[in-house]
Amino acid sequence: MRFWGKVITITWKDTLSEIRTKEIISSVLVFTLLVIVIFNFAFAANREIMKLVAPGILWATFAFAGVLSLNRSFVPEKEQGCLEGLMLCPVGREVIYVGKMLGSLLFMLVIEMIALPIFTFLFNLPVLSLQMVTIALLATIGFVSVGTLFAALAVNTKARELVLPVLFLPVVVPVIIGAVEASRLALAGEPWSRLTSWLGIIAAFDVIFLVVSYLVFPFVIEE
Amino acid sequence: MKTRGSASRARAIEAHELTKSFGNHLALRGVDLDVGWGETVVIFGANGAGKTTLIKVLATIIGISSGRVLIDGLNIKDDAEEVRRRIGVVTHQTFLYGNLTAYENLDFYGRMYDVPRRAERIKEVVDMVGMTSRLYDRVSTLSRGMQQRISIARALLHRPAIMLLDEPETGLDQQATTRLWEVLQAGEDGKPTIILTTHNLERGLELCDRLLILAQGKIAYQGARQDLDLADLKRTYQHYTGVGT
Amino acid sequence: MKRSILFWLSLALLVVALYLIFGYAPIEQTMGIVQKIFYLMVPMGWLALLSFLTVFVGSILYLKTKAPKWDILAYSAAEVGLVFTTLALVSGSIWAKPVWGVWWTWEPRLTATLVLWLIYLAYFMVRSFTAEESRGATFAAIVGIVGFIDIPIIALATTLWRGMHPGAVIFKGGLAPPMLLTLLVSLAAFTVLYSFILRQRISLRNDEIEIKKMKGL
């Protein structure tokens, strides 16, 4: 299909650029590690306490990592007016949204795939399970759906580093709550049936904000 | 001279009562424009007169507030994607990604424009701008002038019949500017239609078939090249823009 | 003219509501006099929601038409809404102190209101951080749309999070008829007051823009 061909072209362009520089993935990974270590001090690593706060640490870390990596996603498009170059291409503005969103999703998933084993190793918690991977996937889709929209918005303001988190964090509160609660249950070895209402909230958020962002994105990039 | 364009009788560019406002600021207030195929129209104007806005509207980067614009008979509101296939844009920005090589940049844009036989076409346009030897270098390692040449190749990649040039000299060095004009005048398959904005009166007068002066979002003056010599143009320009040269 | 009618009407209704609250509605058995805050807290929450609905509708219309009047409506409603959201938080806090013994509790409604307050704060931040005013208006409209759509999801998530079932916790066990009447009158009084304030704010905003235009030209 033509739509997806163009979307993949944009995603591939971002991926190629990232493979060259490793700018986003490497810096966000270092940041993630630092946050985990600092939280460790904040909660004086007692194993019992750790079990209680680990889901919170995990998702606070990923939310901040998301802000950091999304903040970078539209920066190359502003240098040398590339966003205008994209807008000149014979594709709808929505194609640009989906292409950029998939790129950010890919980078975030790579970061999480590396961070989760580290988490398991440092905190002696069974973070690697099918349940946790499902939660991470759903929550990350939620993050990048609105995140890509807000990143495109923030890059056109005078203080993008500040504007993105201020917009992004309150809006994704349902995702953070859902992911923390679902992870808590998953780490306690609860069955899938206990997780469904949380996964449902995150999935609903994903679907709703993929559609809404898709619809309003053209207004963000058009002057 | 052979000119390019569709077989249909539609004009290259037709604008009627074109206005564009940004909130309460009116950037274009009722511009009428009629450009035939193969014509070179040069637009002069002071900063903030609306030159860049006009180019961006024609390039379908920004929407219009009212009026009607047809490019090759296609309404830019309804058929934006088809319109974009017909235009190439060069501005002082290159639209190139510094982390990718020149080839990767052109390949990316080639895919976006569905350019047939992409690899060959890329070699062709890069040869036209004389950058074949640096094709596989990262764009960020190229000099400013070289990047601009790649940018010209990018604009020509999909064989646009209409070229929109927004103050290209601002970013181009002397060599690149000369090269751009050679390429455009020769024309791959007929001379393209060119809209050029510039501050350089002398150069603009030399290149144009027709010239316009924009002042405060309106066409203040319009004339053919033979109507004016440089001294007349300077006087007229100062009269309408209040800016000496 | 119409504005002064709204003003006097809201004043009259407020006086009636005040009488009903302190002279007519019975004192609640377990909570005592503190429960009276309820007649203030509920209208504040309602007006916050009404404001953000107005912001939502104004924002959509602005994006569709780019007509400044819709942005003026959305902006004014967001500002009034932010004030009422603040008042809802404050009255909720005053309620929390005697009932739960703390000024702040992460009760689902209060939590959701706080998140909303933060989103609509961002609505104004985006505007002030954008160089061109019309672009700022567009960006704010997007926040207004996304924020409003987020409200039910936030409410659901915060409710489930505190282990409560969705549904009206406050109305559990029903409300005595005099209490219900008092609440309804209070709601009506504040809604009329709200429409008065919103109209004032819109005309003020119009004047502001007019002055800016004159200064600029």
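Which chain is which? They are A, B and C, in the order written, and residues in each are numbered from 1.
Just so it is clear, a contact is a pair of C-beta atoms (placed from the backbone, for glycine too) under 8 Å apart; a residue touches a chain by one contact, two chains touch by 3 or more.
Remember, it's a predicted structure, so these values are computed and weren't measured experimentally.
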| item | value |
| --- | --- |
| Chain located farthest away, centre of chain C as origin (C-alpha) | B |
| Closest chain to the centre of mass proxy, which here is the mean CA position | A |
| Mean-CA-position distance for chain C and chain B (Å) | 50 |
| Where chain A and chain C are represented by their mean Cα positions, the distance between them in whole Å | 31 |
| Euclidean distance of C-alpha centroids - chain A vs chain B, Å | 39 |
| Touching two or more other chains - residues of chain B | 22 |
| Residues of chain A engaged with two or more neighbouring chains | 223 |
| Per-residue multi-chain contacts in chain C, two or more chains | 132, 135 |
| Residue numbers on chain A that touch chain C, as the complex places them | 146, 149, 153, 156-159, 162-163, 166-167, 169-171, 173-174, 177-178, 181, 197-198, 201, 204-205, 208-209, 212-213, 216, 219-220, 223 |
| Residues of chain A defined as touching chain B within the complex | 5-6, 9-10, 13, 16-17, 20-21, 76, 79-82, 84-92, 222-223 |
| Residues of chain C touching chain B in the complex | 66, 68, 132-135, 137, 209, 212-213, 216 |
| List of chain B residues in touch with chain C within their complex | 21-25, 65 |
| Contact footprint of chain A on chain C as seen in their complex | 63, 115, 118-119, 121-122, 125-126, 129-132, 135, 138-139, 141-143, 145-147, 149-150, 153-154, 156-158, 160-161 |
